[in-house]
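Across the two complexes that follow, chain A remains constant while its partner is chain B and subsequently chain C.
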Partner chain A sequence: MRLFSLQFTLALASFLFSGLAASVPAPVVVCYPGGPVSEDDANKAMSAMLNVVEKVGGWPTQSFSSAFSSDVEGCKILLKEKKPAFAITSLGIFLDQRQSLHLEPVVQPKMRGGSTEEFHLVAVKGHFGSLNDVKGKQVGGTVFEEAEFIRRIVFAGKLDPQKDFSLKPSKQAIRALRALDKGELDAVLLNGQQFAALASLPLTHELESVFTSAPIPLMGLVANQKASSPEERNRFAKALSDMCSDPDGKKLCELFAIDAFVPASQAAIQPAISLWEKGR
Partner chain B sequence: MLKSFIYRLSIRSAHHPWWVLLAASLITALAIFASTHLPVYTSRQALLPQDTEVAHRLNRYLETFGASSDLVVVLENAPRPELESFAQELASRLRQQPEIAQATERLDTGFLHDHLYLILPPEQLAQLEQGLVAANRMSKLGLDTLLGFAASAASSGKSSGEVDIQKALVGIKGATAFIHEWQRWLDEKNAPTNIEFDPMLKALGAEQLGKGYFSSHDGKMLLLFVHAKATGEDFESLAPFNQRITQVATELSKEFVARGLTAPRVVLTGLPAIEYEEYIDIERDIKLVIWTAAGLIGALIFLVVRSVPWALAIFIPMGLGAVWSLGFAYLAVGHLTIITSSFLAILFGLGADYGIFTTSQIAEARRSGKPLIESIGNGIRDSFSAVLTAGGASLLIFGTLSTVAFPGFAELGIIAAGGVLLILISTWIVQPAIYALIPPKIRAKKPSTETGKPHRRIPHSFALVVVLFAATAAVLGIRSGLDMGFDYDVLALLPRDSKAAEYQRKMVTETDYQSEIVIFTAKSLEEIRRITEEAQKKPSISKVQSISSFFPADSEQRLTSAHRMAQLAMQPALMQNLVTLNQQGLDEKSFKSIQRLLQQALEKIEGYEEQAFSSGNQTLVQGLEELRSGIESLQSSLEKDPETARLRSETLLRALLAVGMEGVEQVRDWSSARPIAPKDLPDGLRERFVAGDGTLAAYAYPAKSVYDPDNLDELMTDVYEVSTDATGFPTTHQVFSKAVVSSFSQGTKAAILVCLAWLALVIRSPRGIMIATLPLVIGGGWMLGIMKLAGLHYNYANIIALPLVIALAVDYGVWLSHRWMAMKGEDPIAIAKDAGRVILLAAGTELAGLGAITLASYRGVSGLGIDITIGLMTCLASTLFIAPAIGLILSPSRKK
Partner chain C sequence: MQYRARVLILSLTVILSGCGALPNRIVLFGPVSGCSGVSEESLLASRNSLGATTSTDELHCAMRIARNATMPSFVKSSLSSEIALHLAERQAPGADREALAAEGVKLAERSLSAGGKQDAAVHYYLAANLGLAINDHPVQAAENLHRLEDELTLAVKISKAVDQGGPLRLLGMLYLKAPPWPTGVGDGDKALSLLKESVDEFGDHPLNHLFYAEALFEVDEKTAEAQAEIKKGQLLLANGPWGNNREIWQKEFADVINEVAKAPR
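Let's look at the complex of A and B:
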């Protein structure tokens, strides 16, 4: 009898939870500062991804909804307003909001065999001998949307892009590179993904890296420790880890050049946290 | 006892030379008669064991379908229309030739188009039906309306939401191909009249719906697949097949030139062409080697001994023994193969040694003042131990090789071992007779200029250092030899300038076709359907040709759908809309709308490219960049001369509408669609895919070269997951290539051990054994070390080099050991000088004989020559310079 009532209670709770989830989708805030993607396109891709996560994680459909922003301030507002249990953010946003929103990294993407990336300041081959030679020159790139992150983490506090460069930020990395090719810019700062795709772009001049950052952890899913339970975090992490082996999830992973999602390594992220704190 | 028997035998032979020569001539005549009836099996199959599962499977297929590999005719270096016309005409002429069963230059597109409802993917069929429904609903559809729809779709900012990168890429490539085609309509001097659909269909992965020509990825090379009527893979089948194709292609080329057209370059490749070329090369090389070897050996012997009778005394017994070997081959094996047909060259290199050793000993006896006959007997007797030891070692090495599992090598072992034995017999019996008949003049030994002078002393420590250094180098060489990789690439054995090999590689890199195909067979349509579906998913397979697409599992539903679509296509509104669009053409307003639409598309594409770039997706960026630059280039052409561009674009539009109308007509014909059976297939398809007993075949083209063992293993794992009954060259090659290497390396190790055991058994004296064997071991080690340093690899041809070098070079150490024991009390330098002259002459004949192989154009053969030359040189150096030092260490008393 007791066993029956326990099963009944669990079933009822599950039914109520699924009903609630179906009626009020939990928001997942997605921040892609400097990204060229439109809100509509991003939400479509995110919706496809969340559908897979729901399927793989065993949640009812429409359990999650996405809220997207491609600028830093817009993202901060979304995080404050929506108070999401889970968010997909850049490392810069995570570091900035980590303490105030009690953020904890859950999973990291694995791209091109690793969970770190290097930023590259590229220029036409032979134009500059060192990073110092670029000081005072016109530098472009989408990543300057997070100027503080670039100063503290990418340049490790040794250079302030806003003071040391004449910044020409843009939302379009290819346009910036074409401007570099035409001589309208002196250098462009690229993140790891952009640098990886550089070879596929036909440019008239050969480019080279004037500066390469230390390996920087890739950021994936973060969770608000107060708004989510450890079980929920584990479940979400497991769902994302399984995503790239799901037939539908695999297509998304291929689209974003992600090999897999792996549990976030606190040890790998800690140096970035220390560097961020040091740069205050 | 054996010595005295040989002594008596040689004395008798010398006493009755004419009887001996008569008997030898009779045996030779019989051997020549046998050799004329000795067939040469020229197929690779003849080298391989037939009692294996893979061989049985291949033979079953051959019995059912005929030849397993297609010859591929490659056409290039001509404009595409001329390539197509040449391909079509050549295939048509080839089909009429008696040696040719099939010649296919393209798929039967007419049959494909007529049965499109059977082969289109279900979602595309559904889209087609939806499109027909929608088109019927729109009455009086004008171009402005269509452009309006497109513009609003583009400006809405709504993306397709497509997340499947492969589907997205197909769409991008299709759009790019269409933009390029549009550009072609603007660029060509005279307005084109026909749309080139092939690049667009290829981009969309539906090339079978185009003209269907088999082509390279860039379309600059066309391929014809030619299937022989004869099932055999021997030269007698391959030669007329290859020659006929060459003849027909040459005649057609001449006709093309006479017609003022560009005749394409024609190259034959694929397994039948390679095997044919291989046979021609090897045959030519063997002839070259045998005659060069015979000439060089004869010349060398004559130059060194400066006496025709002496040269004949060495050469004739060797030559007779070699001819007798052919008779032995007839009795023992019954045939020759492309490997065993080269054994004469080996015997020429090896056989002269025995005659050199015996004649040098006879000469020594004559110099001591003994009568001729007694000198002959003494010479034969005194050299008997050395000749028997050396000859016995070679015989045992080849005898051991005859135990390996592979017929190709085992037969070589049997014939070469028999050959060595017969040359030994000939040397012991025929040489005394010849020597007695035409005794060479013996020059008195020149008194040594060093007589009376004390011999130079060789410090013991120096000898020790030399031996240690040599042994260390040999150990390092043997170790590096064990690590030396094996090159499984059969194509690398062909001549450097081999077109068949060059184009075979091109087939792998520039096309989706290789002639080394995997063949699946099945007894039912269900089974061939399953095989085709599963094989197409395997990454190691680039393409699968099958008839299963004509027999889908849902054929009933497809027929119903085809009938529905035929009804829709018969509605007058659809055709009327197309006619109206054709009548309207492309006015200035519409042209401007198209230009605006292109600009909108460009902006969209740039956005997507940025997204792909920021995701690090190189493939997408490349595809989008090509599309973007194509649109930019088109825009500039449209703006450059707007009126001409408008007129050309209008012509293109009308051509597209004409194709659309043809399509509608074709769909109307689907009203009579009915189920088909394999017997309803056109002849070309049926002959290739359906056997007389109803067995069905599907052909899978490997994605990577099958001559790389890793690729081959990956392919075969995938293939056997699909069907364990698969056959074709890759299946046999996988099994045989590995078994060849393993069984041959085991055979080589066994041969070395047997050789060393034989030397120990015969020589018995520990010092003699060391002097006889160590030069061989050290020289062999150096050989392997030099091969490694020179960047050489083992391959199917040179794998035989090590046992051959042992069989050839064992004589040097044996002779030195023999003289060492005989010249007791002499110092090492004197012994080395005495034995060195004979050894140098023996090595010289071997180098002249087998070294001549390096002249061969077939790289498998010339590479073997290089390896043997290295081995003979190292063993010679080791015998002349290291063996005396070893002797000195072992016999310090000789250190005068």
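Let's look at the complex of A and C:
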């Protein structure tokens, strides 16, 4: 689930690293399911980023190591093999791996004034009267990489995209929306960031939301409770919370439309956990 | 053009590398013999032969002339920026490369001020130098994405033929590697269209085939078609007059071949 951009994900990772004071390489897994980026490219970027962070933070070079995956299964393998104390994951991966890896959310981003987002199933205006009308139709979007998350959380178990839609996943939302505009798709599922930016696209047809999810928490940094201490988690949380008021960090926050980083709200995330468990 | 949009765009994800303006340092060259016959006139007259096969000493001579050029037709042309780019590309990544590329940007800006706005090559070499200069400075890269897009779009509009489809090639790679909508200008459809055009119109340049292969693979997951394009590019690279660029581009090919080979069968 791409809850926020790759840039943001990696940016967040860099600030994570800036909070570390490791004397040995500390692996951090970064998951970006469904992202339109090769893992080689991303890992090169992560390595370069680590060099910069090490320099800025005054740590010896090669203090940290990173592991990136844009594939759900690949990410799970990395989490299992690397056993990182900290990871940057989608909400879907967090929910899926929460119990087995003892994951605890540490920090959430605040974007467009909040730390939640709504998903929207959009279609050409007037084509469908309700979500039921979309059943059996061709539906696209970048978010279907985590189909189980979409089923359990976005549709709250009321609909199974894999059974109820003819899915046409895409690596780029803009391609799916163009296909919708040309009549090659019937609907597209968008995350909050994509939906908020719809007006910037020069589409022929007016689109409308056929379905809007309940508010879903944005996920950021998570920690393995057994591999990290409360002090380390607090340190990360503080480093990230201070980020957008830091001179360099402020520029970055503005660049990626992040208002701030805030301590993760267990109360806000609990409903998603309950829905996930209910959907088993 | 060996500057790679790939590296530029990925570098956008790297932060805290410092903001601010491009380097404002002149890279000095050691003593070079044989510069006495080089002039603005001679460089303009031989500009079509300037490139990958030109020796570095010759480029040093040319750069000295370019820095102090006064002849309006020379200043207005893209030649100074092109010389800077050739020199920058021959440097290892680091401060000297960035300084030379940044100087290439300033020389292109000088050309624009001198009346070169209708010259596609000026816009093209400005963008190529800018990309190289900010390669390792992601905040700057992010800030300059739209400028890169604008300069390359102008170059495409005025003339696609510069550097055998260079404007198509770089703009295509910008769209392929940039973060996609809604966070960036990245656009797989645009990338495919531009890079296909570069292959169709300027099929003798090996990088046009390599970059189109990347787009086919990354956007449409067409592995077999991507491999076919890579083979065409490799053949051109092996047999063409690519001089100093051959070795660098071979590495580029190897990277893409490796990436494509990892694709699920």
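Operating definition for what follows: the second predicted complex is superposed on the first by the 227 of 280 C-alpha atoms of A that agree within 3 Å, B and C clash if a C-alpha of one lies under 4 Å from a C-alpha of the other, contacts with A are read in each partner's own complex, and residues count from 1 in each chain.
In this section, a contact is a pair of C-beta atoms (placed from the backbone, for glycine too) under 8 Å apart; a residue touches a chain by one contact, two chains touch by 3 or more.
Here the structure is a predicted model, which means the values were calculated and not measured.
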item	value
Partner chain(s) touched by A:Ala197 [first = chain B, second = chain C, both, neither]	both
Touched partner set for A:Arg178, first chain B, second chain C, both or neither	second
Which of chain B and chain C A:Ala156 touches, first, second, both or neither	neither
Partner chain(s) touched by A:Met111 [first = chain B, second = chain C, both, neither]	first
Chain B and chain C footprints on chain A, overlapping residues	36, 38, 40-41, 44-45, 48, 171-175, 193-194, 196-197, 200-201, 251-252, 255-256
List of chain C residues in touch with chain A within their complex	6-7, 10-17, 19, 136, 139, 142-143, 177, 179-184, 186-189, 218-219, 255, 258-259
Residue numbers on chain B that touch chain A, as the complex places them	157-159, 161, 163-165, 606-607, 609-619, 621-622, 625, 629
Interface residues, chain A side, partner chain B - complex	35-38, 40-41, 44-45, 48, 111-112, 142, 171-175, 191-197, 199-202, 251-252, 254-257
Complex contact set, residues of chain A against chain C	5-8, 10-11, 14, 18, 36, 38, 40-42, 44-46, 48-49, 52-53, 56, 171-175, 178, 193-194, 196-197, 200-201, 248-249, 251-252, 255-256
